[in-house]
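Read from first to last, the chains carry the letters A, B, C and D; within each, the first residue is number 1.
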Amino acid sequence: MHSTTLLSPQPPTAATAPPVGVAVLGCGYWGPNLVRNFFDTPGCRMLAICDQSEARRQAMQARHPSVRAVADFGDVLRDASIDAVAIATPVQTHAPLAKRALLAGKHVLVEKPLTTSVEDAEELVELAQRQRRVLMVDHTFVYTGAVRRMKDLIDTGEIGELYYYDSVRVNLGLVQHDVNVVWDLAAHDLAIMDYLLPVRPTQVSAIGVTHLPGGMADVAYLTLRFEGDLIAHFHVNWLSPVKVRQVLVGGDRRMILYDDLEPTEKVKVYDRGVRWNGHADDARREALVAYRLGDMHAPMLDQTEALRTECGHFIESIRGGGTPVTDGQAGLRTVRILAAAERSLQKGGAMERLDG
Amino acid sequence: MHSTTLLSPQPPTAATAPPVGVAVLGCGYWGPNLVRNFFDTPGCRMLAICDQSEARRQAMQARHPSVRAVADFGDVLRDASIDAVAIATPVQTHAPLAKRALLAGKHVLVEKPLTTSVEDAEELVELAQRQRRVLMVDHTFVYTGAVRRMKDLIDTGEIGELYYYDSVRVNLGLVQHDVNVVWDLAAHDLAIMDYLLPVRPTQVSAIGVTHLPGGMADVAYLTLRFEGDLIAHFHVNWLSPVKVRQVLVGGDRRMILYDDLEPTEKVKVYDRGVRWNGHADDARREALVAYRLGDMHAPMLDQTEALRTECGHFIESIRGGGTPVTDGQAGLRTVRILAAAERSLQKGGAMERLDG
Amino acid sequence: MHSTTLLSPQPPTAATAPPVGVAVLGCGYWGPNLVRNFFDTPGCRMLAICDQSEARRQAMQARHPSVRAVADFGDVLRDASIDAVAIATPVQTHAPLAKRALLAGKHVLVEKPLTTSVEDAEELVELAQRQRRVLMVDHTFVYTGAVRRMKDLIDTGEIGELYYYDSVRVNLGLVQHDVNVVWDLAAHDLAIMDYLLPVRPTQVSAIGVTHLPGGMADVAYLTLRFEGDLIAHFHVNWLSPVKVRQVLVGGDRRMILYDDLEPTEKVKVYDRGVRWNGHADDARREALVAYRLGDMHAPMLDQTEALRTECGHFIESIRGGGTPVTDGQAGLRTVRILAAAERSLQKGGAMERLDG
Amino acid sequence: MHSTTLLSPQPPTAATAPPVGVAVLGCGYWGPNLVRNFFDTPGCRMLAICDQSEARRQAMQARHPSVRAVADFGDVLRDASIDAVAIATPVQTHAPLAKRALLAGKHVLVEKPLTTSVEDAEELVELAQRQRRVLMVDHTFVYTGAVRRMKDLIDTGEIGELYYYDSVRVNLGLVQHDVNVVWDLAAHDLAIMDYLLPVRPTQVSAIGVTHLPGGMADVAYLTLRFEGDLIAHFHVNWLSPVKVRQVLVGGDRRMILYDDLEPTEKVKVYDRGVRWNGHADDARREALVAYRLGDMHAPMLDQTEALRTECGHFIESIRGGGTPVTDGQAGLRTVRILAAAERSLQKGGAMERLDG
């Protein structure tokens, strides 16, 4: 666990290591952000973009004249100056494209979710290991100052024993046609939870409803169970009139409210709680429940753009030979929960086991 | 449905109808509020209080010297000047006390939840009908200006077809020993929903966890299903560092955000939504989803204390011979959901049918 | 200054000191709150109320049958069992009534503002001293947990050198006929500032406007100057659609945001600031301005009702022979600023000196 | 007044009018935003940028390879293909640069404030008139959906007779060395007020304090008087721990709260107020004050980037021959208030007349 807590688990990069040549695949909504950030990342050279749309290629080249723009992914794979590929294409194409890139000996960063099936994710993880290449998934929120600060609070024991993890991500969102609200929104929240919690869920249940004919589920609730009394719950909704992005983490020592829409005080730590100080069979039970109402503390957070931190971490992982915080395993764990949630959704909310 | 929309379904009270004699049973936390409000309600005389604790009886008499204070409920039942009894005792005693009162020919107002079992609630409903007495349950929030305004919005079709009902009631609450967080907190929310929605749920699932040894569930999530694509969801939690009391109601025409902690703008109506304007099999589906981003409107609300409105409604129902908005049937419907949620909780979240 | 920081400057009360007999004068809006709190205060006996309105006298006696209700203040003054009088009558009557009470040997608590003129306030202060009686002014906010916590923060140096004090108290208030918005609202804010700041203002300017014919100023801005670069500013407004009650206190080490409408986190302490670390004539000035963006901390506050704390403090001051935190001098200082602000208002905002 | 309400007072542009050649002068913080927006504005060609810094010129050309980058402003002035110049240089250089541009026959857009002296502003206005060229000042907030919506509300009489205008713009800002907080922050607020109000102020008073040695005023309060009972007040502060950007506009029919930091509901219209319905000498005055507590309404706002709208308006004014909403006169009026506020600041807050 400790290796994922910190963002610099990598051995120090030799000053003489050559810069990493990077190509970005897919220049729709997210790709241009990757290009901009790789330009600002030391230790790499942003060399090429690849997109089937000529309009997009031209737009990118107008903005970044030094970048090579190609239509055929084969051109990227054959280019020996390109060491690493960042994939920001539609989710169904993640697996085949990442596989080709790894087979061609490239390091790979894949937008979330890693794949649409557990089998694909497993294959990518194995392939990356065999090829000795970095496979990283773009779980962007993990690289925010807010989430990294929460990780510290949990790892150092400030929160104490964990009671519950409650997440809400709702807004009037673009109703999508290829994925439902779970794969679209809960993918973010499961990735955050995967990073924050020191334990893994054992079961998941999901209930969702579809309101537009021929559409996918647009409102859904996920419940995750763990060993012991920890519970995690996620509300994702494309049909909310207001935008909410909140996580509550309850512990026996302290509690956290993470509100991603707060401009500066995104993380609030409450020195409040209820604690049981005695024995279960104790007749004087009532006297042994201690309520604590204490101060609130909002730590100053690192304001660096998450994607900037993440691109730097990807390049450092390649140059230093380390394992990224959001490696293929993290991507696989998240896909495993998403796939089980999907099965539960089809069965009307039945609890599904999470094996592995 | 229309008869419950308005708070004056009763036939006009004859001006000559004699005032209703009232006794309040139980003077712990809630009883004194009932006493104070019955004193301010026209058409009734607040005559007696009944409590086994001598200290409480003395405290009430010091504040209200004109009121008779008795220890024995039999004294209340035998007193012919007392027409109506308001019961604010521990929940397990609701059923036997209400039964005795109805058998003695009294009208009865019972604190929420009406009973702890469906059988008890059914028996009370039948008994009240047989005795031709008013049986009313104290679903206080139903009598707030906010909830009544929401009822208008839903009944007049302003919200349109209902998509979802999402409720959150969390705070650092008193961990109780006789009831769990569902019976304590969700009882409020199910009563509000029962009043607001024109349809009845068909299934309920509940998942909860217990963190204190020997305790009851302190965090729980309830999901209710209806005919069609409507879903209702409730988050209740005694271990939250912050207090939240929010309901989101999504419809195809408008959406409501009800925030009970807002000082004045508790109800916000958003002219926003996603609407499907075409046929499910239509290939041009994408073009037929219409997003609407419009104004927000916060109506001025009646600020009258809810319990004051409720006590007046109880007295008017007695004098006018009408059926109260939160009658025994409303209490029974809520108990039926609570009992089914309890069974689901025991089974780890299985969907339970709601028959009747 | 230190003696006013703490709420227990009084010598310990002899356990054998007899309880203080209390009468409350004026039972309109505020008087009943005083009665209720004196009933709950140890060391005193709430004996009598005095009001010219028979309806009010009857209402008070119905609620508090043990209390004597009289119409004539002379009856209170002649009653040897009454040691202390709390005055909650219209502001113009404060001075004559308080004077009669002091002359009759009673201790006196007067609602804010102490008087309507500096001369009256000075006379009361001298009279109380001569009669060796406690004269206290009801600056209620001084007794809140929030303001007392801010006092600690300022006194202990946590805030550092003070830069500014900015206060806003606006709402859709009752437009009054006997006093303008400065005497009505700013009286609260000047009392809070008088308690919090270790220095006294030297000048005041006030600008106000009147919008209703025949009315008093309903919107006003006050500016206070001190020795050095400290400035204080107050916005009071009866015509605001929203209610705001905020104070910003800027210092060179930390800054405070006090929001009285926040349910729990009323006081937020920001570890932020701008600091000058060099010499004014230093050419490298730019490099010597240090910005600090740090954590925010919201301390847990004492939630006791302010008036409860205040009544206890009044009784303890009488029994222990100490000087109350909001003594006649504090009342006089506040009246002095209000009177000078009134003069400035008449002159269109001219700076008025505050002597004494 | 009406001509400034709408953003299209210009006569329709002939479809055949040639595109306007544009140069941007100064590529520090604001200039690149102008460049980006002129690229997206129809009817113009973004041709050149001018900056003395070679690093900045190179940065701009890397991003926009088609743009000519020059160091000498003379090159721009001599270029006949350049019809219009946008000036985003330090404020002291606005007047000389704008003057040279107008003399060379260019249309000119100047960043706020237009100049640092009334004389300079007057000269520019006259020169533009003589040269028959568009002179526009970059009062960006005037082009936001929020401010334009407020303008509609005021112009259509929805707010009624204006009572007060209260503005707060505070944050932990960059303490500047060349201008004080009034010229830096209040320039925005005075420009917004100049656009919104149908009347002009007659007097201004300003009080400010300086906390850093050798610095400029960092906290200031401005008060503006008008004919009648309207008052305007501005709080600007570089030393606030929290960011606040709010305007309250009170009228006798409705009131507005404009909160620029709200993500979507920036403008809230309250159907609340106090109204005087009778005669001033009327003895029954009390009965004639009518309080109104009504609904709140948050209109949907145009979300277009303000600078985008503004650049389009500049180009349309040039092509259509119309007068821009924020023309030289608007810039001059704002500079006139700023200069008078500066004089008042030096005199410790004396009221200064605003002539002309």
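Some points to look at:
Quick note on the criterion: a contact is a pair of C-beta atoms (placed from the backbone, for glycine too) under 8 Å apart; a residue touches a chain by one contact, two chains touch by 3 or more.
Since this is a predicted model, take the numbers as computed values, not measurements.
Under the contact definition stated at the top, the chains bordering both chain B and chain C are A, D. Residues touching across the chain C-chain D interface largely coincide between the two copies, over half of the numbers being common to both. Here the CA centre of chain C is 41 Å from the CA centre of chain D.
Our note on geometry: chain A versus chain C, Cα centroid distance of 53 Å, whole angstroms.
Mean C-alpha positions place chain A and chain D at a centre distance of 42 Å.
Contacts with at least two other chains are made by residues 293 of chain B.
Chain B meets chain D in the complex at residues 265, 271, 293-300. Taken together, the chain B residues at the contact with chain A in this complex read 163-164, 166, 170, 172, 175, 177, 205, 207, 209-215, 218-219, 221, 223, 229-231, 233, 235, 237-242, 248, 250, 252, 255-257, 270, 272-274, 276, 279-282, 285-286, 289, 291, 293, 348-349, 351. Per the touch definition, chain D reaches chain A in the complex via residues 62-63, 65, 243, 261, 263.
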